[in-house]
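Residue numbering begins at 1 within each chain, and the chains themselves are lettered A, B and C in the order written.
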Amino acid sequence: MTLLHTIYLIAITAEAMSGAIMGMRKGMDLFGICLLGSVTALGGGTARDILLGHYPVGWIANPEYLTFTIGAAIVTGFIARHLHHLRMVFLLVDGLGLVAFTVIGCDVAMSMGSHPSIVVLAGVITGIFGGLLRDMLCTQVPMVLQRELYATVALFTGLLYVALLHAGIGSNSASLLALGSGFLFRVLAVAFHWRLPSFQDKDIRGLD
Amino acid sequence: MTLLHTIYLIAITAEAMSGAIMGMRKGMDLFGICLLGSVTALGGGTARDILLGHYPVGWIANPEYLTFTIGAAIVTGFIARHLHHLRMVFLLVDGLGLVAFTVIGCDVAMSMGSHPSIVVLAGVITGIFGGLLRDMLCTQVPMVLQRELYATVALFTGLLYVALLHAGIGSNSASLLALGSGFLFRVLAVAFHWRLPSFQDKDIRGLD
Amino acid sequence: MTLLHTIYLIAITAEAMSGAIMGMRKGMDLFGICLLGSVTALGGGTARDILLGHYPVGWIANPEYLTFTIGAAIVTGFIARHLHHLRMVFLLVDGLGLVAFTVIGCDVAMSMGSHPSIVVLAGVITGIFGGLLRDMLCTQVPMVLQRELYATVALFTGLLYVALLHAGIGSNSASLLALGSGFLFRVLAVAFHWRLPSFQDKDIRGLD
């Protein structure tokens, strides 16, 4: 599907830039920000492919993806100081990427005949593992486990997509509907600071 | 073997609860504690399967395992403050899980015709990698590399199991003997604070 | 190729010792330093094999590699305080290991018919991922992403090796030339403190 593929290429570019920016903050050199950008952009799909045993892994079958992520990281290294004007653009592209990664991840698992619950989970893993690996390489507790409805958006998008397909909706319509609804959910979650319940000191008092 | 499978399900539930509790301490949200609980419970088997190329990975072939781990994490989120009464139960179930994971890991590697040393190592990896990944996601130096005879218990259990099988003992008897001895070793190690030698400042003075 | 294999065995021994030393600094016990040493020495090849789907993974096919890494880690535990006399030897062996790992990694990817860019990347991953995993297990931002021309040496070695082969140079000559040039590059980079550009506060001001 061409639209999904276009969104994917835009998304990995944006994710690579976000990874590169975090690498710069950690004092990484040019190689470091290229690696961190690529891991952020391609780590979710890589984790999914390895867990599913889906070989060859995406960027190994399509090395041109690396051109996008490495190019984006290098450009970011030189223009990062001007990028704060674009924060809103980033947030939107990142949201678009999250739902596109999720739908693509579901497609891969479905093509392997996985159980529906694994299909949804493959979508969630594709959506969130890039950011998770980025944070681990920077030795931060992964943001996706702490804040905002990021993983929840991926879960919602995957569940909706699988449900629509099971209801007999065509593949193109289902992915467009899932992309649109998931993206809207993400925008609303950011705009209104929606969060999942997390836990207070009183919840864990007495545990050692 | 039904007994081993029952112990396995109890063990992944207990491990998921321990992961969830650590996630709560790190301020994770509900999604975070479900993921951390699942990684703690299933990460060892997943690492083993990926390293051995043993596909499909356990929880992908048996998605119902995720019901146990996610369910256990959610329940933990709401009752954690009452769990400190159960610390001793946890410690015992965790010890049982460690030896059960180890024996199961050995079985998987044996079914692939691996070298005996790899069979033992597959057991150890199954036993300890869940906790190791949990600690890495929480950006802590993995406890298993620092404290107590945790990995050593897995190594002992795996070595004993493989030795018993090579001595011609039947599979059921060998796993029961290995489970029992490994569990006893773990209980004694905890009760008497047994430790492996670690290293003091004087050992590394002068290294930069 | 016997020379390359000999260099490989020396290199995994040296890398295991460097991992063990870092484990001792983190207060790990004997098991911890064996695991950290083995991950440092064999983690690069393992990451490459898993990413390429190249099974069985190196040390599973050749468990005797573990004898080298575990043996080296244990010996290090007892003689570490005397090793600071050998710092220069370490640095040289580590450099030799880096280029040997890289050439071996390229060979593995080529044997699978990978795209030339993936061949080079497989070399780089083999060269640097051991140290990267070691640092992540110790919860440090990986040194290889921050300092010195370490990854760059791997990239240079891999590019040169692939270019020489494409130019029709025989396999043995190409690997010797790549090993020699890469090693010289590494020695010069360390001697003259060459670095890649990294980024200053002014480059990332205004980013949140």
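In the analysis below, a contact is a pair of C-beta atoms (placed from the backbone, for glycine too) under 8 Å apart; a residue touches a chain by one contact, two chains touch by 3 or more.
Only a predicted model underlies this, so the values are computations on that prediction, with no experimental measurement involved.
Mostly differing positions are employed by chain A and chain B in their mutual contact, as under half of the interface residue numbers are shared between these two copies. It takes 120 degrees of rotation, in steps of 5, to superpose the Cα atoms of chain B onto those of chain C.
Chain centres here are Cα means. That of chain A falls 29 Å from that of chain B.
Residue positions of chain B touching 2 or more other chains: 50, 53, 136, 139. Interface residues of chain A, counted against chain B in their complex, comprise 50-53, 114-115, 117-118, 121, 132, 136, 139-142, 144-147, 151-152, 155, 195-199, 202-208. Across the interface of their complex, chain A is touched by residues 21, 23-33, 35-36, 46, 50, 53, 55-57, 60, 63, 66, 77, 80-81, 83-84, 87, 136-139 of chain B.
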